[in-house]
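For reference, the structures are reproduced in the following blocks.
Paired with subunit B in one complex and with subunit C in the other, subunit A is shared by the two complexes that follow.
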Partner chain A sequence: MSTLRQRSPVSYALAMPAALWMLGALVVPTLFIVWVSFWASRSFSLGSPLALINYAKFFQRPAYVKVLLDTFQQTLILMAITLVLGYCIAYFAVVQVRRPHWKLGLFLVLVIPFWTSALIRTIAWIPFLGVTGVINQALLFLGVVGQPVGAFLYSRTGITLAQVSFYTLLATGPVVYVLRNIPVSLREAAQCLGATPARVFWRITVPLTLPGVVIGQILVFLNVMADFATASAIGGNKHAYLGNIVVLLYDSGQLPFASVMAVLLMLCMLGGVAVLLKVVDIRRLGIP
Partner chain B sequence: MSKGAEHTDRDLELRDVTKRFGTFVAVHRVSLTVERGQFVCLLGPSGCGKTTTLRIVAGLEDADEGEVWISGVRANDTPPWKRDIAMMFQDFALFPHMTVRKQVGFGLEMLGRPKEEIRRRVPETLATFEIDALAERKPDTLSGGQKQRVALARALITEPRILLLDEPIGSLDFSLREAVMLELKNVQRRLRISFIWVTHDQNEAFSLGDKVVVMNHARIEQVGSPEVIFERPRTRFVASFIQGNNVFDGVVESVQDGRVRVQTPVGGFVVPVRETESPLKGAGVSFSVRAELLTERPGPEHVNRVPATCRAVEYLGSVRRYDLRLPDGRSVKLEQFAASPTRIDEGEQVTLGWRVEDGVLHAGADQIR
Partner chain C sequence: MMHWRTRQKLVKGALGAVTVLFLAYQWLPMLVMALLSFTGPDGGPTFPMRGVSLHWYRELLRVQMVDDFKPPMLRSLLLALACSVTTAALSLAAVQAMRARFRASGLFFYLILLGVMAPGLLVGFGVAVVARILGIQLAWYTTTFAVHVVWTLPFGFLTLLAVFNRFDRRLEEAALTLRANRWTTFWRVTFPLVLPGVIGAGLFGFTLSYDEFARSLFSTGAEQTLPLVIFAQFDRQLQPTLYAIGTATTVVSLVTIMCFSLLFRMVRRRTRTGAPGAA
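== the complex of A and B ==
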């Protein structure tokens, strides 16, 4: 172990480069966005007067508020699905699969798709979801549907399907980590005390994995809130979330209004993370 | 639980239980009975199958072959949560998210006892184990000794028939162990439930067990009272595993009047034959003599004699232990009371002797290595 004391001048010096980087790359730009969101004029000018007019404009237009609510709704749906799915995958991989090489195989199956870029993964969904896509072909072949279903691609269902595939692992990872750190003897001790497997799960496993669940949900929450690529690629131009509106306004040069969206998005994220952290203290992740 | 019951004076019976993990045999044809209220110690080196045997009793592992009878009922297919058995784990396995009170009440809650009963009995149990002051604490704030009490209280509150203990004091500070051992023994005597205690420490096994089961390589080597294991080791393994035995390997030269003459690299010795064995001339055998039965001043009754050189002296308070070298270079131990007027000095040459009846001939086919 290093002998560096916590508040020695050396430790401050060592933290300096990273601190400067964070300040220049994160804190200053963020403050800049907040500042721009209060600009009253459309033009790019440092001398622009500050006003609340951009915020007023946002909340006066029901279409924008609806986008905000839609974004929240989509995020909550994704959180619910990835929570259940991600937990099941984590539980299966850690508790049910016992042989090390099966564990490794499962890990690779889950992770390899993420070796390609997000763009490729997004586009790869199109031949799956399209009217002549794999899913429709399969449903037609099985006789489940009489004619191709158009609702998969360029629809909310399609966006949701794709997002579930992208973000489930974010919910899985932290649970895997926490689950692996729970000694098997805890579950066995509960069994010996008369707890059925279902009760062992609800009384021992779930409470102890809660920190992992919350961290996973924070990751999913932040990513889905900010996701615009999936909605534009798979949703066509029919569906928009806050991220899409930011891009749209930025492209059309409405910087102050785009900043309003960005600030609102940030506030929502901060609020959401604060709520999730209330549920469980993630600093107490350490399990004996 | 009375359907098909038999032997109800027995808390546990294992019949030819075998367990394999892949090609590795963890437990091989182990048979064992535990009478009601008996204190049984499973003793053996790590990897000998003692913990697996315990886990089979708990139902945490399934026996591949053989039968497990608990309180006279065949329990092979009974899951752990339906067995009338409690278990104490080496790491205590306390639930980190529960207070001591919740923890101790967990067993009653799982059995579906009424809330009123739980509210009454948890404080009683906390008081019995002198942990009432810790009721609202969580495990990570407890010391090793406190955790141990909580684990014991949690295991015993449901009044199980059998308590399984897997190296229960192995993780405690050395200074605590003796006191905890005595306390556990007292608890066992008071509650009159069976304890099956797994350990690799022979002192624990001998001072606690009514019955000691010595295991090695997945098999039971010997079952008996501490005295029997100590004085009459049945196999070469038991003799070499239990401290204080001098083991000799040799070949049977002659058999006569219930005695054999065994030729070893350091001479011929006369050893009584076990009742159950009939060694043949020319067979490879081993026998042992306890360190405290050797003498450096052999008299006429000390028929077996061997020259030796003293290499080291250990003074242990009440006894003095000598490490001596035989002519073939192997070492033997000799113990004498520290009060004994005679002493051996380092480097001194002596003749060691022992009586015929002090030798213990070992059984089994695995004697010669």
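== the complex of A and C ==
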């Protein structure tokens, strides 16, 4: 018994504002994007005939297809890096840090940057990456290189460096959540039965944390696929992903073609999530 | 073959080193930005620093035509406050509805989660397209507000779902048995107990909206919010002013989080002392 009767009419009224908000500001606009992407006329006109011409135009231009492939490639690179890095951090924070004070402190220093503006954090990377930037000065000082490396700012390396620092926590978080739910006794039991630590890790810990890993990877996938700000700030318009093309086309007033990009981006994201969900049954999450 | 204890120590050391390096990697840019914002009037956007001064902060406060950051900051704060209140209220209502297991509640759950999954840029784009078709004027307090709540609502919703999962239903049942009506029970028993969760939902609403850039890009009209103005300025020229505004807005974020967590602790303490044995 709660303050509402089961299936009481009041519950529909309470759900209505949130549902209407999501429908009006998310679902309907998405459907509109799909509709506009089929407009055959170049400009903005409601009575435009519908056709597949915009999609044909996309796939006929190798430059655009390359952007699509680049976006995927960048996303896969980020997923690989954040998977390993994120897991190491999560494992260290949950399993190997024992004292509660250290745990709390570590949690705070990991999470606080996450609560600040991603845009500001992107800008903060600039003094690091330039030819006279911090990284180059450090490398020169250490004698690793003889002259400044120009490969950081306006490059994929720079974009990747910044993105790894933004998105690793998305991969760490869900793994931390799942790791904490695994009873220590499970690992201890395996060790008592003579399993080596490596075997305990691969046979007990990894399979049980898999749902967390997959959720983290979904978050990284979704964020990197749609990330355009990092590429445009650090890549300096020399590197474009699908999101950057949407911005470019929107600014030049080509709404139907921008919509095509948007629809393709959404389809890629839906497909990616579907594939990731095939790997593991998310509904098992939280049941160790 | 090493002893397994030695090996385990090595693994622990390696993972610790990775974590510490990652922390440095995450924090250093922000600290360097803060440091560079205090460079002298002749200083540029990179090292070496030319003296130490508050020049670039003074520059921020001086009224300028193009680069005045104050009105956008005010807009961003107001928008974040509005999102905070809306998120708290809507997610509390939505979770109450979920508890009554109404017919479409499964679908409703996924509908709200869509807000996290949908890429920000495209949600803003969609709303801009709809606004154009329907002839609605874009503005930060209408269209941007709508788009931001789509983003913040799921976070508040999930927070409150987690709170209600641990909620002791017997307290409500006791109140109802003692002949309080449902309305009184909700406001006198349920609401005070979940208030910390409601505050948490509000915090999500505030911080996520305050920093949001991608969703605002297409959905905001001529009067822009702070992240948009920062990005425009960054696109034109990288000056230490940007580091000053970046440091200032980061401090605003951190102060807000501290205020919310103080409020959170106060409310929780009061709930615990007000209802002995409830916690």
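We adopt the following convention: the second predicted complex is superposed on the first by the 276 of 288 C-alpha atoms of A that agree within 3 Å, B and C clash if a C-alpha of one lies under 4 Å from a C-alpha of the other, contacts with A are read in each partner's own complex, and residues count from 1 in each chain.
Here is the rule we go by: contacts are C-beta pairs under 8 Å (C-beta built on N, C-alpha and C of every residue); 3 or more make two chains touch, one makes a residue touch a chain.
All of these numbers come straight from a predicted model, not from anything done at the bench.
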item: Superposition on subunit A - do subunit B and subunit C clash or fit; value: fit
item: Touching partner for A:186 - first (subunit B), second (subunit C), both, neither; value: first
item: Touching partner for A:267 - first (subunit B), second (subunit C), both, neither; value: neither
item: Angle at subunit A between subunit B and subunit C, C-alpha centres, nearest 10 degrees; value: 80
item: Touched partner set for A:112, first subunit B, second subunit C, both or neither; value: second
item: Which superposed partner A:196 touches (first subunit B, second subunit C, both, neither); value: both
item: Subunit B versus subunit C as contact partner of A:65, first or second or both or neither; value: neither
item: First, second, both or neither for A:225, with subunit B first and subunit C second; value: second
item: Larger contact residue set on subunit A - subunit B or subunit C; value: C
item: Touched partner set for A:21, first subunit B, second subunit C, both or neither; value: second
item: Shortest CA-CA distance in Å separating subunit B from subunit C in the superposed model; value: 7
item: Subunit B and subunit C footprints on subunit A, overlapping residues; value: 196
item: Subunit A-facing residues of subunit C, complex; value: 4, 7-8, 11-12, 15-16, 18-19, 22-23, 25-30, 32-33, 36, 45-47, 90-91, 93-94, 96-103, 105, 108, 111-112, 114-115, 117-123, 125-130, 132-133, 146-147, 149-150, 153, 157, 169, 172-173, 176, 182-183, 185-186, 190, 207, 210-211, 213-214, 217-218, 227, 230-231, 234, 238, 242-243, 246, 249-250, 253-254, 257
item: Touching residues on subunit A, where the partner in the complex is subunit B; value: 183, 185-186, 188-196, 199, 203-204, 207-208, 287-288
item: Complex interface listing, subunit A residues touching subunit C; value: 1-8, 10-12, 14-15, 17-19, 21-30, 32-33, 36, 44, 46, 85, 88-89, 91-93, 96, 106, 109-110, 112-113, 115-121, 123-128, 130, 132-134, 137, 165, 168, 196-197, 222, 225-226, 228-229, 233, 243, 246-247, 250, 255, 258-259, 262, 265-266, 269, 273
item: Complex contact set, residues of subunit B against subunit A; value: 58-60, 79-83, 85-87, 89-91, 93, 95-97, 106-107, 110-111, 139-140, 154-155, 158
